[in-house]
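Each of the next two complexes has chain A plus one other chain: chain B in the first, chain C in the second.
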Partner chain A sequence: MKLEGKQQIWNDYQKEIANDQYYYARSCIRQTFFPGSEWAYLDILGNKLGKTVFDDPKHTTCTGIGYHSDVVPVETIMTVVARHFALMTEAGFENMTPSCITSFGIYTEILHTWEQHPEMEEKTREFLWKATGREFRKPRNLAHTSDVIYKFRNEIAAQKKYSLKDIHTGRPLQVVDHIGCHYAKMFPAKGIGGAEFPAVLSGMVTAWGGESIDYPERRHCCGFGFRNYLVLANRGFSVANSKKKFESMQPYEPDFIITNCPGCAMFLDKWQYTISEMEGITYGHNGYGIPVLTYEEMAALVLGYDPWEIGLQMHQVSVEPLLDKMGIPYVPEAKYKNAKGEDMGHPAYPTYLKVY
Partner chain B sequence: MMNFWGFSIAEARVIDYDKNDKSLAEMLAEEMPTTRLCIGCGGCSATCTAGNLTEFNIRKLQMLLKRGETKDLRDQLHKCMLCGKCLLVCPRGVDTRKMILFLFRQLSEQDHNS
Partner chain C sequence: MTTLSDSLKADIHFIESMNSCMNCGVCTAICPSAEFYNYDPRIIVDTVQRNDDEVLETLLKSDTIWYCGECMSCKTRCPRCNTPGGIIMALRKLSQEKGWFTESEKGRQQFALKRVLGNNILAYGYCVTPDIVKPEMHPEQGPIWEWIYHHRDEVYEKVHSNYHRSGAGALRQVDDESLNELRQIFEVTGGNEFMAKIETYSIQKAEEMGMDSESYFLHTYMDNNGQHGGK
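Our next item is the complex of A and B:
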């Protein structure tokens, strides 16, 4: 096959991402589990890349968790999403950038449904008008925030202070990228690389000096699927998915895992503790776990943000081994201090999983 | 290990060729080279008296053996009545009854030693 042909095919796996003027839709659970990620995103976009991002306080949950758990009816979630679009329209923006993969999937699914069934869009407009007196325009561009970071990966690389390299050996860090299922598995054309050739995170990794690991279970779900983890009796299946991935990636000795989905980041991080307590197994080096970062945290580290400022102390698996490899300075005593320098208290130590 | 979560990790329903112990299949192939000739036609299973009454299936035994799924093999083996009809119909001349006896003996020895 000619190179031009390959490039042509790869073009089919790209998507349009707006260049500026983003309406930002926060995630419900990311703010709880990884509170520095969204702050880091806004700071990088606004202060490092000079982009305009509107973080709307009137924005609410998309109700995706309830929808995927059969608690919220489709008409309700469509009306909630219509309200988001109305807020975006009122704020004068056209480019919707949700921080959550579930929200991204929800927006994509609803826009697709409205395209296929215009009567449902009309009905939703009617519901929204009756409930709130609002009207909306559909987004001109819909991109996940990882798409935005991917788009500006080379600009970030130009400003980077640290590379994804082991400063002691010069070896590129070996990175496992894990992409949320709702990013491109439902609508492959809406994700960079589609469902088969996920490139949104590996593109960032290679641009910033690391190497992506193509391990056997790379595309396997982390097990977060709402119905799996919400029902206690199903959680054994949920954690089994993460375990399968850990076992598959461990022989490649990954330096860290990067994800673009709130649930995946939480599960891949915290299940390592659960598995260690249940079975005494750890997957990192010398009894430690494999650190798990969000893409914003990875971008922030590369750009020289303080690890505790972006909330890396909130992770279950200690990130210090990774910081040491990258040569990023940190103050161990400041790990559990708040902005005023007051002690926030220390978490309990796991039985088997080593932590700093 | 502690478990206060109210659930445990579900066992994966995958056949992991990298982890399964295939030493029994290798031992059998060395001891009885004709077992390598099996083409999986299922003639043995079709004619099996025990198979008519139970879920016993000699072709499946061969498959489990080659995959290294010894536990399932152990659960099935004792159902054979050793009538020998299977070896009469085998188009490749595999001595299936001898194979069953060999596997039974090996697994019994393993149980005895463990």
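Our next item is the complex of A and C:
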């Protein structure tokens, strides 16, 4: 009986994810800090899994960071999102796949609000027509891009060239995940595993040979807090929350952190540098940090993509210790070279945090 | 005459976020802002239920409503399906409509946010782009970002993006027609009007504080009086 109950709860937190034909909604933060992740996602979907993804040049920001910084009104963001739905409709697609947790939360919230308040949907349609002359159909399916990778985790496992294992010992890599608040905290039924038992990343980790660690502060915010990072005077809030997470995960000696949300990935990577400069503390082995990967980067490494082609040189915390454990070959001197093979110089070295 | 309570109750965020509170304090227990700032979401919910305009006005002029990070962790855990973070969004809207956000240090930061995000969205079509993440304003980004920033054309090319060019791909330049549609949406939906209010009230406050707009911008972006932490 107990098991049936758990199975029922688990069933409540599954979601439908379309099988093909995706409209891609770009993330401002991901493209700025992890552009290689975007490329890897589109390449994996198109060339490894044989799916159709439309990357629309007309797509813009959803304005979500402005909305959650309270400078963009709800009527405005609803109409911007309605324009995205119109572009999707015009391109002949029905499956919306944002690559950003903030956008995913916003799309989910707006569809929910329109369901509860049809008059707001009607008003949005009027605004969109007046501003752009466009009309839209709502998406048949809304899934975050990590949901899509999760859906095809076994297909990716079948093509994998490297596993999430330490090749020297055979030990599964110990992985801590960070889901991102707006993935499932607002609408738990819209996230795989809900807010309490998030499985979207851990499902990938275990499918590819690693072990997921359920560390105590797994569900805590990374500390973005919109205005609490964007305004320089508030950044103590942001770094303090990330520090709380690092202290919670460090005793488990994780091999790497995996993230769902592009902003969280950036903070968990960069704040390790900041904390090292502020307090001389580092969280990885021997003075290095804990490497942070986006789920696209993790999928791409497993599939054998070159680390520098997918942008791992853009991370502040060096990823080489992880690559060495997984047995992934790389050319160290290519890390800081441009596409023509010319040297771009070495970044400055932090005071305490060891880097390659 | 419309009372503050009436205005609040007409806001969609308030409607969607406020049911009835039993004062359990779970929201405060889970709240990252309550842990860092002198902030208690349970008291926010308590306060807005009192229908007392005098108390509301004090709240709308205070730092208190600006501490929340809108992570919405409170929504998951509230046993009565309230969302203090959503109530905060309604309070912030009202504070800006009334011009009362300039009465507190944290509230005045809306000027910096409006200037930065408003400009990014309407000029580039993105909330964030690499060009505006200047290392001197973002020391926390560290030496790798500084290196990327100074070699951004080459670094972004290496990782297959379409930086500053037309067409598809990461970091491509948003075309003029799409940008104009975005700007037109801001015009017809009140987005421009709302941001103009933030600008106007902020410039008034700058004059009151004896600052030009650039000094006031730096004040709102950089200053922290150290009086916000409660623990």
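Throughout what follows, the second predicted complex is superposed on the first by the 350 of 356 C-alpha atoms of A that agree within 3 Å, B and C clash if a C-alpha of one lies under 4 Å from a C-alpha of the other, contacts with A are read in each partner's own complex, and residues count from 1 in each chain.
Definition applied: contacts are C-beta pairs under 8 Å (C-beta built on N, C-alpha and C of every residue); 3 or more make two chains touch, one makes a residue touch a chain.
Bear in mind that the values here come from a model prediction, so they are computed numbers and not experimental data.
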{"item": "First, second, both or neither for A:Pro35, with chain B first and chain C second", "value": "second"}
{"item": "Dominant contact partner of chain A by residue count, chain C or chain B", "value": "C"}
{"item": "Partner chain in contact with A:Phe237 - chain B first, chain C second, else both or neither", "value": "both"}
{"item": "Touching partner for A:Val80 - first (chain B), second (chain C), both, neither", "value": "second"}
{"item": "First (chain B), second (chain C), both or neither touched by A:Gln250", "value": "neither"}
{"item": "First, second, both or neither for A:Thr274, with chain B first and chain C second", "value": "both"}
{"item": "Contacts of A:Thr351 with chain B and chain C, given as first, second, both or neither", "value": "first"}
{"item": "First (chain B), second (chain C), both or neither touched by A:Thr89", "value": "neither"}
{"item": "Chain B versus chain C as contact partner of A:Val72, first or second or both or neither", "value": "second"}
{"item": "Chain A positions touched by chain B in one structure and by chain C in the second", "value": "232-233, 235-237, 239-240, 244, 274"}
{"item": "Residues of chain B that touch chain A when the two form their complex", "value": "1-3, 5-12, 14"}
{"item": "Interfacial residue positions of chain A with respect to chain C in the complex", "value": "26, 28-32, 35-36, 38-39, 55-61, 63-66, 68-76, 78-80, 83, 105, 113, 116-117, 120, 127-128, 130-132, 134, 181-182, 184-186, 188, 195-196, 219-221, 223-228, 230-237, 239-241, 244, 270-271, 273-274, 308-311, 313-316, 336-339, 342, 344-350"}
{"item": "Residues of chain A defined as touching chain B within the complex", "value": "232-233, 235-237, 239-240, 243-244, 274-275, 277-280, 351"}
{"item": "Interface residues, chain C side, partner chain A - complex", "value": "12-13, 15-16, 32-33, 35-37, 66, 68-73, 75-76, 83, 89, 92-93, 96, 106, 109-110, 112-114, 116-118, 121, 125-130, 133, 137, 140-148, 151, 154-161, 163, 166-172, 174-175, 177-179, 181-182, 184-191, 194-195, 198, 220-224"}
